[in-house]
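Pasting the structures here.
Here chain A shows up in two complexes: once beside chain B, once beside chain C.
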Partner chain A sequence: MNVIIDGQSFEFEPGDLLLQFCLDRGIEIPHFCYHPALSVPANCRQCLVQAGLPARDRATGDLVRDENGKPVVNYFPKPQTSCSLELSDGMVVHTQYDSEEVAAMQADNLELMLINHPLDCPICDQAGECPLQIQAYKYGPEGSRFEFEKVHKPKRVQLGPNVVLDAERCINCTRCTRFTTEVSKSHQLSIIGRGDTNYPMTAPGQVFDDPYSMNVCDICPVGALTEDYFRFKARVWEMSSTPSVSDFGGKGINVDYWVRDNHILRIIPRENLSVNEYWMPDAARLVYERYNENRPQGPTLAGNASDWEAAYDEVANILKAANGKVVFLGSAYATVEDNYLLMKLAEAVGADAPQYISRIQVGSGDNWLISDDPAPNTQGCERLGMNPLDPVLLKAKLAGGEIDVLYVLEEDPIAAGVLSADDLLGIKVILHHYHTTNETLAHADVALPAAMCVETIGTYVNETGRAQRLRPAKMIRSMNRSLMMEAGVGQSRTDRHGTPFDRWYNEDHQIDCQPGWEVLPAIAERLGAPMSYKSPAAIMAEVAEANPAFSGATHKAMDLLGVALQDIGEPV
Partner chain B sequence: MADAPSLITGETKAGDWRNYERVLLPPVKDLHKIDVYEENGGYSALKAIVEDGKFDPKGLTDEVKASGLRGRGGAGFATGLKWSFMPAVDPEKPRYLCCNGDESEPGTFKDRQIFEYNPHLMIEGIVLSCYAMTIKTCYLYIRGEYIDYVNHVQTAVDEAYASGYIGQKILGTDFSTEIVVHCGAGAYICGEETSLMESLEGERAYPRIKPPFPAQSGCWGMPTTINNVETLACVPLIVNRGAAWFAGIGPEKHPGPVLYGISGHVNKPGVYEFPTGMLITDLIEVAGGVRGGKNIKAIIPGGSSTPPLTWEMAREATMDAETLREAGSSMGTAGLCILDEDTDMVAFTRRIAHFYHHESCGQCTPCRDGTGWVEKLLSRIENGEGYTRDLELLLEICDQMEGRTVCALADAAAWPVRWGIRRFRDEFEARCKAESFVSSEMGDGASTETESITI
Partner chain C sequence: MTQPFNGSLLRPDFVPGEPVERHFSDVELVWTDDEQKQIATFRSQYPTNDGAVMKVLWLAQNKFSWLPPEVVQFVADTIEVPYAKVYGVATFYTQYYKEKKGTYVLDVCTCFGCQVCGGYDILHYLEDKLGISKGETTADGLFTIQEVECLGACGSAPMLQVTNGPYVHNLTKEKVDALIDDLKEGKMPAFESVTLPQDETDLGGNRRSDTELVTEYQTPPVSETLH
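Moving on to the complex of A and B:
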């Protein structure tokens, strides 16, 4: 079955709706209320097109043709909203690219939409990424004929802990109310008032405390709903955004990290229909400060500042002296690549295979995007063949003098409740850590600041067995982020056009830390067991080649949306 | 059609209307009481159908089709045809009838007379309609402001239940149907059929996009028919007296008795029952003539949303859909508003615009923001602060609203303004400050850049 859009013929499936059909084919039709995950109310009236069906002879059902043999089209008497228009065979559509009349109707609609909109773009957080702003410039009239005072509505309304409403900016698209009704099902928002005094609001006395509340800010096509934590923090054109994966829990939520001055300032969901669709919980956004605050600068030896070479030497010496009496702890927060190298290091020093600390608590999640597992890469550890740590057994080994050295990769066994300070008496501790608040840090003989998920390249495997790639959103001192991003995928404007003098590059905010895939080969080399990898991609290629549980999971294949790994059955 | 003879003849199409015998609102005291209603032949149509099997459901639908009854709620759609849109009965799917008693349009006040004086006629009509469409539940939606009538109708419904005319096994037969009286919360938009269903379902009364039409997916997604109160009240009359009787009243294409709600500058405003096709002049005579013997300036024939007619256009026209379309307006709800020569058409149009601005539900952009802009412009003109260019702008805004929204409220808001300006332009222009307005091509509306010359 075919439809003719602006003179070009396309094949379609029954049930396809015109707007989505066009968007999927790169034909942009301006729209506000339509969202692919929500019902179609056709209320913004922006996506108007002219459409018609070929005339057919009533008796024979044959197409009626004019004197030139062209099918005669019976156009619908009224313009149609493309979001709600179901395609049918032979339908003829004229969009704004083809019909001045349609372009004029869309401009008319934008004029009406803007008469009561405050046009406060210079102070609006949405400016720069605002569908209303963008589409008003592209499709709107130049100027307005409205000469009256605009309607006034409540401003700066704290709807809930995380969402602030500016009702004057609202264009009543009802995406937010449909989100709480149809997606999060908290039913907390509804439109109140009528006519041009409409705006979304909670029931009287109610707080918009939906755990997914900030998704309404993402889908709001204007600056009416903004995230409380991000209001007035930064203009979006001063920021870079990096497509990556959240380390919040085992769901592997796809996100964009937004950075200015080399600080993570905002985390928003990135579309991945196989994982989180368009959504993420508020809690996964509010962790943004942990990538910026309490970060260590450079390695320490017994609490004293040192340098990386000296630290590597010291680690090598400790491991040599231990004669294999070492316990290696991997981490469900570290990447597959780093855990894999740790396993190789353990093998090189003759120690048992690393284990990891499992944090899964059955029932603690919400059966949606908040997982029972607060760690992002438990599956990755499992698939590498690592077993969950048995704390009782480890304590017994430590107490029994079987162990001289504890090597901890990106973990905090004391805070995790696995070990106590007493257990570590007389034990040499080597620690890769993210934060100065790491409780095991005080007992570390060598502390090696580690790159967090926003600073490294690597792979997480989510709880459903989907391998997904991390990309560096922030720059660390030892590494040129732009070089790391050279694969070219997901570069933001500042990556493509920026220079090291841009403010987002800010050296003061670069952490002196190292990713595991830099540190572990350096140590291995000193132990006479060199690991030679050009990049994390090469490490992952080796893992994917050697381990069937990672079959196909190369960095290239994972790209932006990840790779579903084959099922390995329930973890033991 | 161009060759068709004019329907505007100055001749009445209502026949011998002076001897017309009222049937919707017969002059019977206490007719709202069920025993009085029964004494006057009430519920005999119901008995004839469900007890004696006068018609099967399809037969009843065909009879209504044959009668030529057209909806009295404003759109004038053929009632029997609407009923026949209901899909075949699916035992898995409930079906609903909604009786639309949300009359809220300025100038329309006829359904309340039925609620007050002849509620059982409507109830009987509802049960008959349910029979015709095999429906087991009817929601009788009455606007919230009519709280007295809601209570009054509820009493009548309770009486009908007690007498076995509604409920399970009506009159001892296998036919059952329930009537639920539902009180609206006071919004004009709830009279729009899909909005009425949203309101019934407890949702915000935003009209739905069509298709799907209510007969496919209405209340709670089930097949639903929505009819006006007066429309349903005609059904028992058709059953009792036959389709031919009904079709013989008034003009052929738009027959039947109709309640004319006459308001404005007449001596005896009120609701008058007559055949369709009455001359507007006869109706003015019925309503006691124009107040103070003045001349008439304008007629609004069918509620505030219908385009106003000048007296020239209206004086030979009759009250039926075809003639009024030719005259340049529409029948609407037959709620006539008579405006005398002293009427300020600008103020009148502004007041109507205020109503639609206030009642726009705010779902669609053109209506939500357009109605407000129109009112602001008209207020400015009324206050002598407007410019002649504002009139062109108003007409353009009407273009920007009309036909571009989910429901017809934007059209209803645009028509009185568009036709008010077109037909009474001199009066509007006289209020405006004439101005040589050199608007920039950019249309930025910057009036400081322009030189205005007041003549």
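Moving on to the complex of A and C:
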């Protein structure tokens, strides 16, 4: 079946809606209320097009042709909202590209929409990424003929703990209320009032504390709904955004990290229909500070600042002296690549294979995007063949003098409740850590600040067995070649337009830490067991090649949406 | 003419999550057996409970005389429709009273048709006469004035409606005076049918046969401010 859009013929499937059909093919039609995951109310009227069907002779069913032999089109008497218009065979459509009349209608609609809109873009957080602003520029009128005072509505309404409403900016598209009705099903928002004074609101006495509340800020096409934590923090054009994966739990939520001057300021969901669709829970956004705060600067030896070379030497000496009496702990927070290298290091020093600390708590999730597993890469560890740690056994070994050294990759066994400070008496501890608040840190003989998921390159495997790729969203002190190359793609840099000479530039925002795939080979080298990989991608290529549980999961193949791995059954 | 700046529009009626004042106790918030039967009938008339929201709100307003939040929530719980949704419906219609009103609610139409025919003249006359502004209630609790949108009687503009009941058509200042005097004596205006020009030929003068009071169509006046 065929449809003709602006003179060009396309094939379509029955049931296709015109607006989505056009958007999928790069034909932009301005729109506000339509969202692919929500019902289609066609209330904003912005997506108007002219459409018609070929005239047919009633008796014969043949196409009616004009004197030049061209089929005659019966246009619908009124313009149609393309979002709700189902395609049918032979339909002829004229968008604003093709029809001045359609362009004029769209401009008029924007003029109407802007009558009561405050146009406070200079102080609005949405400016720069605002569908209303963008589409008003592209398709709107030059100015307004409306010269009366605008209607005033409530501003700065704290709808709930995480969402603030500016009702004057609202264009009543109902995306937010449809989200709470159809997607999160909390039913907490409703449009109240009528006409030019209506806006979305909770019922009296109720609060918008939906655990997924901030998704309405993402889908609001204006600046009416904003995230409380991000209000007035930064203009979007001052930030870079990097497509990556959240380390919040086992779902592997796809996100964009928004960064200014190497601080993560905002985390928003990135569309991946196989994982999180368009959504993420509030809790997964509110972790943004953990990437900025309490971060260690540079390695320490028994609590004293050191440099990386000296730290590597010290680790190598400790491991050599231990003669294989080492326990290695992998991590469900570290990447597949880093855990894999740790396994190789353990093998090189003759120790048992690393184990990881499982954090899964059955029933703690919500059966949607909050997982029972707070760690992002448990499946990655399992697929590498690591087993969950048995704390009782480890304690016994430590107490029995079988162990001289504990090597911990990006974990905190004391905070996890696996070990106590007493267990570590007389044990040499080597620790890759993210935070100065790491409770095991006080007992570390060598502490190696580790790059977090927002600073490294690597792979997480989510609980359904989907391998997904991390990209560096912010710079660390020592950007090596791999990070630099990847940063070019992911756009992470001091700031997209900033330089170290900017007034607000702060060198301390760059953490003096290292990714595991930088540290582990440096140590292995000193132990006479060199691991030479050109990049994390090369490490993953080797894993994907050698281990069927990772088959196909190269960095290239994972790209932006990840790769579904072969099922290996429930982790044990 | 610009509307006076209404400061109260800048504040919502409540802050989300903060407790709201209650006017009816749990003991009062119960349906009688009869009402329950009625509600069951309403529910059976629609494929989903959403359909029954308006009728049950109406029932509640007749019972409690107005719809404070706890009554709206009571309705929502009764028919198992989300509270926010029912509240959205209740706030959409001026006919549902979200505040306590006077005995007589005078809904003066100032929508386009009435506006050009003097809807605002009537509204302002009434405000001056009763010494209150639209949205307010007289100290004796007798009258509330509301400014409303089109009530569908533009042919006999300007017009008003009394307490969601009878319409008063073809308003003049004298008619307003008489209406207020009557209402003070407890006399509600009678239902009045006004013919439309086309009725004269097509329908033999009147499209309603169920009312005594039939007034012939007259050309509406023009608003004072337009002269």
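The working rule: the second predicted complex is superposed on the first by the 545 of 572 C-alpha atoms of A that agree within 3 Å, B and C clash if a C-alpha of one lies under 4 Å from a C-alpha of the other, contacts with A are read in each partner's own complex, and residues count from 1 in each chain.
In this section, contacts are C-beta pairs under 8 Å (C-beta built on N, C-alpha and C of every residue); 3 or more make two chains touch, one makes a residue touch a chain.
Computed from a prediction, not measured in an experiment: that's the story for all the values here.
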item	value
Room on chain A for both chain B and chain C (clash or fit)	clash
Chain B versus chain C as contact partner of A:L369, first or second or both or neither	neither
First, second, both or neither for A:Q46, with chain B first and chain C second	first
Contacts of A:V157 with chain B and chain C, given as first, second, both or neither	second
First (chain B), second (chain C), both or neither touched by A:E111	first
Partner chain(s) touched by A:G205 [first = chain B, second = chain C, both, neither]	second
Chain B versus chain C as contact partner of A:F148, first or second or both or neither	both
Touching partner for A:S190 - first (chain B), second (chain C), both, neither	both
Chain B and chain C footprints on chain A, overlapping residues	148, 151, 190-191, 193-195, 197-198
Chain C - residues contacting chain A, complex	2-3, 5-6, 9-20, 69, 72-73, 76, 82-88, 91-93, 149
Chain A to chain B touching residues, read off their complex	40-46, 48, 77-79, 81, 84, 105, 108-109, 111-113, 115-116, 141-148, 151, 171-172, 174, 190-191, 193-198
Touch list for chain B against partner chain A, complex	187, 189, 204, 206, 209, 357-366, 368-373, 376, 380, 393, 397, 399-401, 403-406, 442-445, 447
For the chain A and chain C complex, residues of the former touching the latter	148-149, 151-155, 157-160, 167, 177, 180-181, 187-195, 197-198, 201-209
